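Have a look at the structure that comes next, please.
Letters are used for the chains, namely A, B, C and D, taken in the order the chains are written, and counting of residues starts over at 1 for each.
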């Protein structure tokens, strides 16, 4: 998806994100395959050689899709949900809180639907590595298939493992760990052994307060420092054009001033919670002991 | 403060709120008394007979105060802080959640600095009654002095009592209870006996999550229903006038359009948390048992 | 001030049904013989009569039964979290439930009573016992909500009505969410005995709320911006207010304020006002007409109710029942306005608030709170400029309110994941003071003291009084 | 990509000191012999050398010592909540502490080492033992923060720098809070190998962040809106970036984009550009000059550092060190722009974004993300209209970000009571697609497909390439 760099033309076996008014859909371009819709069929073969960002018309010419180059953000909006997923506002803050840069090695659990995994892989490419774990064997299989399809298999190792009991099978290597687990406090004590010497970061995402409370205690007891807790929400806005009239203030005239203004206002209905982000640092065995 | 109704002229023993740029100060107009300031003295006697809302000049004519009619909202901004106090955004929501109207009888604990007490008294006047309790004897004395000075003594009974151990000394009478205590869950089991038959409301204010969690369990165990939890914050805004210029987009001309717009934007720095509001209903002994 | 019938649900009452699952209200009339439609259910509400308002009832078939949590037969054993299942082996397939939708319908028709039905459905689930404790509880809650819905029956109140109208049609009430509305009421010092001006373009929600808080004592003069006062479904839904409450309300057309200031003693009628009065002759039909044009069934219901029981809600009673002479239509409000000395204003308008506020200021006594509510930032920023350029408004404050609901479930505390009440408007507040008077020591003359002097309301009021 | 010195604090490094109590950062240079000013303390930072970045140190007198929580001598016994005092008998009077400020200063001068000082102060408090457990902890924390402050020493990174600059001068970085900045980076798909256009009127924070995320691979063409590139303290603070990182950056004046489109192959110099190049001859002095005009001491410090060690931060190295011919100043950027096919744009500007975006669109390949960041709603609403009227921008989304910090203290969890980072700007995002092509079946022609065709960037790009 990323490591290969940007391509301008659609080729065989490419992942393409199809976009219409209703949402996004991800496909892998295969000969003979097609996408069905109520208003016609889109043949994969029609897309070959087309520029990314082109408008694809259905065979009946009644509807269209935009054929977009995949990015982790578009993937997040189009991926098949196997679990609750993280969305871009949280993903982007997590990336910064983990201080990810090209070359960082990372542990993640659980893999879930792989929404965050793709964003991590993008950011740590080409020399970093992501070890991602899930206890659900089926999910691991599906995620691995996707990583392969998206050309990320060299960047990502996805394994089936109960990290709460066993910890990660990576030692003295990573500098960032991300947890999205029902019981993060069970895996926190296992984390330090996976960190490489020096400064490392951890972020844990939990929807409920109780999870944060227990994780916070576990972080303190495991020697983490600089423990911080954040909540980040994307406030969705709309621009509404409103007609403003003057009220009639006397009886002499009925002519009232009227003007239109554009106002940025919040949407009425939007996600009001996703989860809390607990972050901390860990310093592994200082070289000098004063 | 309220029960006497609105007065237009300042009289002896009136509570007057003095306002300047820096804040509000509450005084009781007494003969011979005065308010000191860096730029001169304000004699109480000068205020007598003046209209509320007048500008009072100091004896040296160098500075002034506005002499305002007291309201619970101005009182909240001017009162001597004996404890953390509730401010108007929370007070007003609490009033609605408790479904207070003229005539409601209410229990409140703790009295604290009396910020909420004044607002409750205003709303339930003239026929309701507020029973307010604090375990701190000195605070109770000060609050009682203030209720008397503000003409609320017939509406408010303020007592020194450890309600967590003893509950309220009011039975089968009130239809609203408000709690602002470190351990609200200790007093919740005592609350039902104070309610009058039928439908009553409770609201508990707590800054920390743990207090809410314990209170929530206590409410459920004590038979409260329709348990809800809210958080209300006042977002402070400012209108900033910004100069918008066009960027220079070619080299032929240096003339760029420029315009000023007024924008409503949040303040950089503001209170970001006060507390959580837990509210619930209680139905005391249904008349029919089906 | 005491509650009608001591707060007991009685025949003929207008009540609110509330579904906590759906967070939705529905207005209905309590009747012995007729059935009402509560969402998908057709229910005879007779079973609620005699119980206290605020009680919970189960919709069991066509009737209402007091809900008793001790009667729930299916209970989950408490488990320690460590023993808990974690759903890892569950696959989401339709075959997990052996009963089909038709089967369950049949079970229902066989009059399998309440909890037995739930027991049966659970026994039909292949995966129930493999679920985690949390998932079991969720499953149970979902099935109960579907097959044995619990509703609250409430007496209308500011709390319930503001939640109801925000949920039904937030744009009609200008996104005046309960926290914002409550803030306006507090800051305007609304209480028994208040003397207030109100401009309300948002269906009358502000007016209804102020009347409830006045508790039957005080004076509310509504300055309406329309040609005539249209019947307002939101205001009509304040069916719990007594005639004492409604008597506090009088109305005056905003467009006549200017003339009132100039010639306070000559209430001559203009053409448009005569037209207005003609319309006022048919209050019931126009109320009905307005109700018909509404789409929300629950609102229609209450309008019709009020029309049928108009003796109980004497909105502008003096005009409707006493049929006063035409020129007296605004008599009460006019007299109050001539007296002046209002203790505050709540201006909740769709229009630019600045000219309205300027027109109203002469009637407001000094040291009184001024409240302006707007939906759009552009309007409030203009008004904010006006506040700041004025030399007789102090303690200026511009805010918007932020409200968050939480899910206080045991050991799973978190904010609601979705909110459908994210939007509200802007509240600008200030306190009106006496216009700047020049002292012997002219050292502190504020720079803005130029234009302000000319539009000084006090000088106009001096003429008026 | 590996860390310099394996992440160990070394002589000559530019580091960040962070006080968790004050939530404030300070940039300083690690040196053996010289002392630096860290807030109120003058400290020799030699003690930090050899330890890992991210470690905590105690400021003990004039030196830094690694902080070891196990060495804290004063510890509070854990009490059960029920046994706890509740402060009810405490009065707030000054006489509660027997030591005066002067006494404590004297104790310090007597070299009472660290924790002993704390023990002494506690023994001097008459009320300490009457306090509740919570209050005791608070008291202890306060005294330690005052007399034995603990600081973190961090290597600069996007996380720390964005927090630092927001705290120092949020208006200079256009209120680009860490969450908002991170969102821009994600949505623009910034990564190793990116090829991006950036307009950054906010001190270079966006540019620095993008360079860090590119990790030394990729192309960032900055389109600057000023006459010349001014030295930017925010960008300079990215002192951890290597020459590999800086080589990804090239710059081009926005005002010359139009001409570049028309005559891509003839890089003639205008008068203004020659002037620009003259200025570019004295990079160090202008950098210094700019640093002198700043008020923030920590910023000055880093600027001076960079000036002194310019070999380490080769900002526009090709111009400064290799002294290329004048006409090559923008050569790299010009060539990249002529190639076109940028994979996205981040437009973080004080100016109206619409004309800038229109000028840039021809250089952006289809299926690329467009990101616009504005501080003021008026600007973003215009740009939002432009997005919606354009027929080659899809997946339009307008948001602002909301960030809340919590106090995760044991058994006292709550959000921070005050926030000094409530303000951020607006993010408008979209994806550029190929301009509308008419199909045989003309049934679905969007109504906005009028003006859009004329300013079609594709036709212009065809000319360019």
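As a working rule, a contact is a pair of C-beta atoms (placed from the backbone, for glycine too) under 8 Å apart; a residue touches a chain by one contact, two chains touch by 3 or more.
Just so it is clear, the model here is predicted, and its values are computed rather than measured.
By count of C-beta pairs in contact, B-C exceeds the other of the chain pairs A-C and B-C. Chain centres here are C-alpha means, and the one lying farthest from chain C is D. For this pair, chain A with chain B, the centres built from the Cα atoms lie 43 Å apart. Here the spacing of chain A and chain C, counted between their Cα centres, is 40 Å.
Distance from the chain B centre to the chain C centre is 22 Å, each centre being the mean of its Cα atoms. Of all residues in chain C, those touching 2 or more other chains are 377-378, 404-405, 413, 415, listed in ascending order. Touching of two or more other chains is recorded for residues 209-210, 213, 235, 263-264 of chain B. Interface residues of chain A, counted against chain D in their complex, comprise 2, 5-6, 8, 19, 51-55, 57, 60-64, 66-69, 71-74, 88-89, 91-93, 95-97, 99, 101-103, 119, 122-123, 125-128, 197-199, 209, 212-213, 216-217, 220, 225-239, 262-264, 276, 278, 281, 283-284, 286-288, 290. On the chain B side of its complex with chain D, the touching residues are 135-136, 138, 182, 207-210, 235, 240, 242, 244-251, 261, 263-275. Interface of chain D with chain A (complex): residues 1-3, 6-8, 20, 47, 50-56, 65-66, 152, 155, 157-159, 162, 178-179, 181-183, 185-187, 189, 191-193, 195, 212-217, 341, 343, 365-369, 377-378, 380-382, 384-385, 394-395, 397-408, 410, 413, 415, 426, 431-434, 436-437, 439-441, 443-444.
By the touch criterion stated above, chain D contacts chain B in their complex at residues 86, 88, 91, 170, 175, 225, 254-259, 270, 272, 349-352, 355-356, 359, 375-379, 404-405, 411-423.
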